[in-house]
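Per-chain residue numbering starts at 1, and chain names A, B, C and D are given in the order in which the chains are listed.
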Amino acid sequence: MSETDTRTTEEPNDTAPSRRPGRERGRDDGKFGRYGGQYVPEALMPAIEELADAYGRYVLNNEDGFMDEFRERLADFGGRPTPLQRADRLSERYDTEVYLKREDLLHGGAHKLNNALGQVLLAKYMGKERIIAETGAGQHGTATAMAAAHLDMPCTIYMGERDINRQRPNVFRMKLNGSEVKPVTTGRGTLKEAISETMRDWAETVEDTHYVIGSIVGPHPFPVMVRDFQAVISEEAREQAIEKTGGLPTDVVACAGGGSNTMGTFAEFVDDESVALHAVEAGGSTLEVDEAAGVAPNSASLYAGEEGVLHGARTKLLQDSDGQIMESHSVSSGLDYAGVGPELAYLVDEGRVSPVAVDDDAALEGFHRLSNTEGIIPALETAHAFGFLEEHHEELGERVVVNVSGRGDKDLDAAIEETDQRDVPNAPDMSMFTEGM
Amino acid sequence: MANSEAIAAAFADGPAYVPYLVVGDPDYESSKAYVEALDRGGADVIELGLPFSEPIAEGSTIQEALVRSLDAGMTPTRFFEFAEELDVDAALVCMTYYNLIYQYGEGEGPRPFVERAAAAGIQGLVVPDLPAEEADPLREACDEFGLDLVFIVAPTTRGDRLDRMMENVSGYVYVQARLGTTGARDDVSDQTTESLDRLREYDVPKAVGFGISTGEHAERIVAGGADGIIVGSALVDVVAEGVAEDLSTDEVADRLEALSRELKEGARRGYRSRTEAVESA
Amino acid sequence: MSETDTRTTEEPNDTAPSRRPGRERGRDDGKFGRYGGQYVPEALMPAIEELADAYGRYVLNNEDGFMDEFRERLADFGGRPTPLQRADRLSERYDTEVYLKREDLLHGGAHKLNNALGQVLLAKYMGKERIIAETGAGQHGTATAMAAAHLDMPCTIYMGERDINRQRPNVFRMKLNGSEVKPVTTGRGTLKEAISETMRDWAETVEDTHYVIGSIVGPHPFPVMVRDFQAVISEEAREQAIEKTGGLPTDVVACAGGGSNTMGTFAEFVDDESVALHAVEAGGSTLEVDEAAGVAPNSASLYAGEEGVLHGARTKLLQDSDGQIMESHSVSSGLDYAGVGPELAYLVDEGRVSPVAVDDDAALEGFHRLSNTEGIIPALETAHAFGFLEEHHEELGERVVVNVSGRGDKDLDAAIEETDQRDVPNAPDMSMFTEGM
Amino acid sequence: MANSEAIAAAFADGPAYVPYLVVGDPDYESSKAYVEALDRGGADVIELGLPFSEPIAEGSTIQEALVRSLDAGMTPTRFFEFAEELDVDAALVCMTYYNLIYQYGEGEGPRPFVERAAAAGIQGLVVPDLPAEEADPLREACDEFGLDLVFIVAPTTRGDRLDRMMENVSGYVYVQARLGTTGARDDVSDQTTESLDRLREYDVPKAVGFGISTGEHAERIVAGGADGIIVGSALVDVVAEGVAEDLSTDEVADRLEALSRELKEGARRGYRSRTEAVESA
């Protein structure tokens, strides 16, 4: 066995002061069993130590009323609480009660703002003067740009040049919000180069700059901090479910890329042993891997990944046998990441969270189904959760909560193109859109 | 603390010149010629970069070199063959990221990688994304196979962290001359002097890197108290130029050798002025 | 004076049973002073009489719990209540308390859903089996399509062919929601032809079909009914303002096209004499009119229009001296309408509502200002309200509520193009977007 | 009730043929030739369409004709000149939307329009977007200047609304043969018979329109009890064809005259079979 076993942390649950002890995991040392940690260049260590300290003071201990201000801004600026809505037609279709947690209604159109607002506000409390972030498809970048504008913090977003060309509306949104968008031209010009470039910036500017990471990944304290900011999803959903239905759900479903909406949706349910937790990953075109090309045509790191170290943390990864990170693939750019948050990797190993892969085809069907039966156009990321529902509803209990992590307006072009390329049984006639393509 | 006698020897007598190149950049054979040119140019220790797909600690110069090498087919297996085939006098150190070390060979953990590295003649490791706190298993394997484990000390590293690191370090410490990632710069930072002051009490050779690109830099740094200089991006730039201008391997090798001589000379001048200063004091 | 004076209705305020008597206007006969009425083809009269009856029973008297279900669905599906947010940076800039009513956070991204959901649900209570609607830019069409999907009602949206080509994302959203989008090829292929075509459909299918009109325009009972569905905006805002600030606002500001978000925002404040109500119209490029070309380069019908009859109601219109309706113009397609709701026309004549025109340039500045200082990208319609704030803040009192009627994601392309065409002092550098154009 | 003797006369003796064309479609002069052709073809009353920019009650055939006319410069002022210049025997009725009537001339209200219409020889008005409830001012002006105000009765008009309308109507009622907007159809609806039954008790000529396009239609409708037939889209189609096929004005006028004869003949046949049926009963 690996050396990391010796460092497995005792879960401090029993003595935890918080209402729901499940949230204590990883708080002190960033370890989730064998996962987590702080695998970063030495130059960044002081910054993440400073951040861990600020996390403890402001987030955990509400120093200077940080959490109060955070929650108030989430309500007023972000639009929280988001509803827990009964999905009438899906409930009928699956003969089970389906409830939707409507994170798509959050300002910006996805759960991403919960975290971005939390971190930008924290940076302000820490006396930082500048925000940086990386973005792939642009969702985290737009959320960060909005939060930075709202809180009057100068903000620079790094984005690969190729991604910039593919995601112009999001680039424009960031610029409108007053952020500087810096094109990254090295390598292939996508998310990984943008991450490196942001790290580079941070390594030079740690003293006055905060790096806003977009999911429950990266070195400690990011995974616990992002989880705690996103946990508002499950705090609300748990209360709403009890209030609306008189009890806990039997199942909770969320898509998983890095895993921030996933852990946000699961956090308060982890200790409710009766509640099954389903993390739905992007199965891409297939779960087979092309070692020679270094390509995994999926993003199912929980389901198909192997332990390794990436972007500051030990977790489950899509990698080749040498340990080189594979290029992942998914119809949804927001799930298209070769790693996953260490806490989710841990909860999967513990058997507490079930990972399921849903492929591109099923996700597109899910996309169209939610759109035309419930009047909610979901993000393609979110659509995977509805692909899961269609394929696995017979295995579910009588009360299912699904997190609608984001809306699909950003995905219209991709949805047209991807729908056109395959035979999606429940798609509308697309000819008027695809003819000119 | 030292496991490798070769590395200890490299720092024993005068300032060490520690150049870095990415193995396999832009291809296996040229790369071998380039490393050997460094050796001819006076290298005491050579840091061989084994490319990782997500090099979060590198500047763009080295990042591009890593991509060139990966695209040309570099793997850990090939890397060790490369090291074995090298005909050099300098001590060899492998610089790479932790995931490649962790995944190598059968079974989990870093031991198989270190065992193979030892067999290939590698004397030490630098792992930029492995802080001292996570380094125990690798440290044990290095001790077992006689390799040094080099840590990087940043301008911001102090107090407990510095102590812990200095307890674990062996061979030499890599003193990061300034905040930021790797990359050639035009000046030498005040942060270097500060760092060397902070490290004075620790009994381990201090090699300064990040941004050194000329003999004059080298001179000033060694004059300031460094036991060695580490030069990466400036050399990788020469390789990149060769690619961009389609130069012959020999031409590039000659340039690398010449730059090495200049750097080594600079280091020596710095050393002389320092020892003279000490003697005249 | 005109003959209509003889028919001016006595305001039934004094005896009204409702909490706030201001909402009684027009309920019984659809007359607001000289404005309103039912100028429709005879074939539609039975349909609007049936609708007026249903409005009385379900909306006013909550028969079968209609209003309860409506409000519940608005909350769960729509995301109500929307926040009333203090705009910190604008408050500082204008040295007055600026509060934003965040209708941009409503499902679909604009206030439009309040009305669409209400009407589609009403159609269901009335036993109708089919929904039709017209749309210009596609905002009302998308809201109606969402509501129809949610309530499982077949839906056909008429849209001019030229508009279809200009607004493809919205067309796609409607189709995704399962609606049929029928291109209208007659005439110039824009909103007016789509309205005629929808009327034509309705005239043939009145018995089983409900026509969902998108603003407080059209024949009675549409103006009062749409107002009552939208009045939830001011019900919330009034309570929120009192709760957050301890008192009523001094000023309430909303943009005005047809006027549904306007009256929705004003309704509950009309009887609060101390509250100034500002209806901000699209001033377009100029308030001058080109009679010969039949073109008004603005949409300022309250400010610059003349009394006339259009689309079923007597109201203020942009028309030439013969009575032909002018082509209106605005940078924001949603304000680009030659008429306005009769109730607003009345309240302007009464001096209760102040109409103000804000031109395209000022609206674009407002668009950029809200985006880069508050982190909220508004719809171009909404942006007019922020143009107003910049130009008139010195005339305002110490507590201003502005309705953010919608978000700007739909307007990104238009904003790029329009910003590029003029010198907007606070716009970001646009070169990376406009170079390839 | 009747203000116009000419209109009363048109219905007095046998079934009235009431054709409709858009004035100024596709241009002023051709349009005059077309209207005069209707007259030669046997028109008893002619409905002259004055185009409005937002014709919410029209089918697409007539809508397109209105656009053609507006594009060619038609205005209320020109419309009245047109009516004055016409050389026809038939009584003239103006069909337009209320806003044009309301805005015409100095001062507010419909009086100036009616006054001018009367001066131009117009005998009646049809205003499809003016229900009886909103019609008082116009009704008064019509009475003042001796014009009839024609209302449209839909298949769905009953009870109080029908009574109110029949109190206000003068000249004739326009019986809408089916739900929907204007437009030529292939069949005659049962709704027509029902409507005529409902109207039997009211003492005013009943002209049926919406969808009549052939002599045979006309025959069946009159046989079913109508006092007249109103034909619009079928005639406008002929004009549109002329535009599409670039026919000469004479050619189009001839076709209009021929279709008019067919329709009028059909109406007469229907009338004969009805009176025979009555006589033989």
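Observations
As a working rule, a contact is a pair of C-beta atoms (placed from the backbone, for glycine too) under 8 Å apart; a residue touches a chain by one contact, two chains touch by 3 or more.
Every value quoted in this text rests on a predicted model; they were computed, and no experiment measured them.
Note on connectivity: the fewest chain-to-chain touch steps from chain A to chain D number 2.
Centroids built from CA atoms put chain D at 37 Å from chain C. For the pair chain B and chain C, the distance between C-alpha centroids works out to 67 Å.
Contacts with at least two other chains are made by no residue of chain A. Within chain D, contacts with two or more other chains are made by no residue at all.
With chains as nodes and touching pairs as edges, the resulting graph is an open line.
Pairwise, the chains that make contact are A-B, A-C, C-D.
Per the touch definition, chain A reaches chain B in the complex via residues 1-4, 37-43, 45-47, 49, 186-187, 192-193, 195-197, 199-200, 203-207, 294, 306-312, 317, 319, 321-325. Those residues of chain A that touch chain C in the shared complex are 75-77, 79, 82-86, 88-89, 102, 104-107, 109, 145-152, 164, 168-169, 171-173, 175-178, 368, 371-377, 408-409, 412, 415-416, 428-430, 432-433. Of all residues in chain B, those touching chain A in their complex are 52-60, 63-64, 67, 70, 75-77, 97-104, 108-110, 128-131, 133-134, 136-137, 140, 151-157, 161, 165, 176, 179-181.
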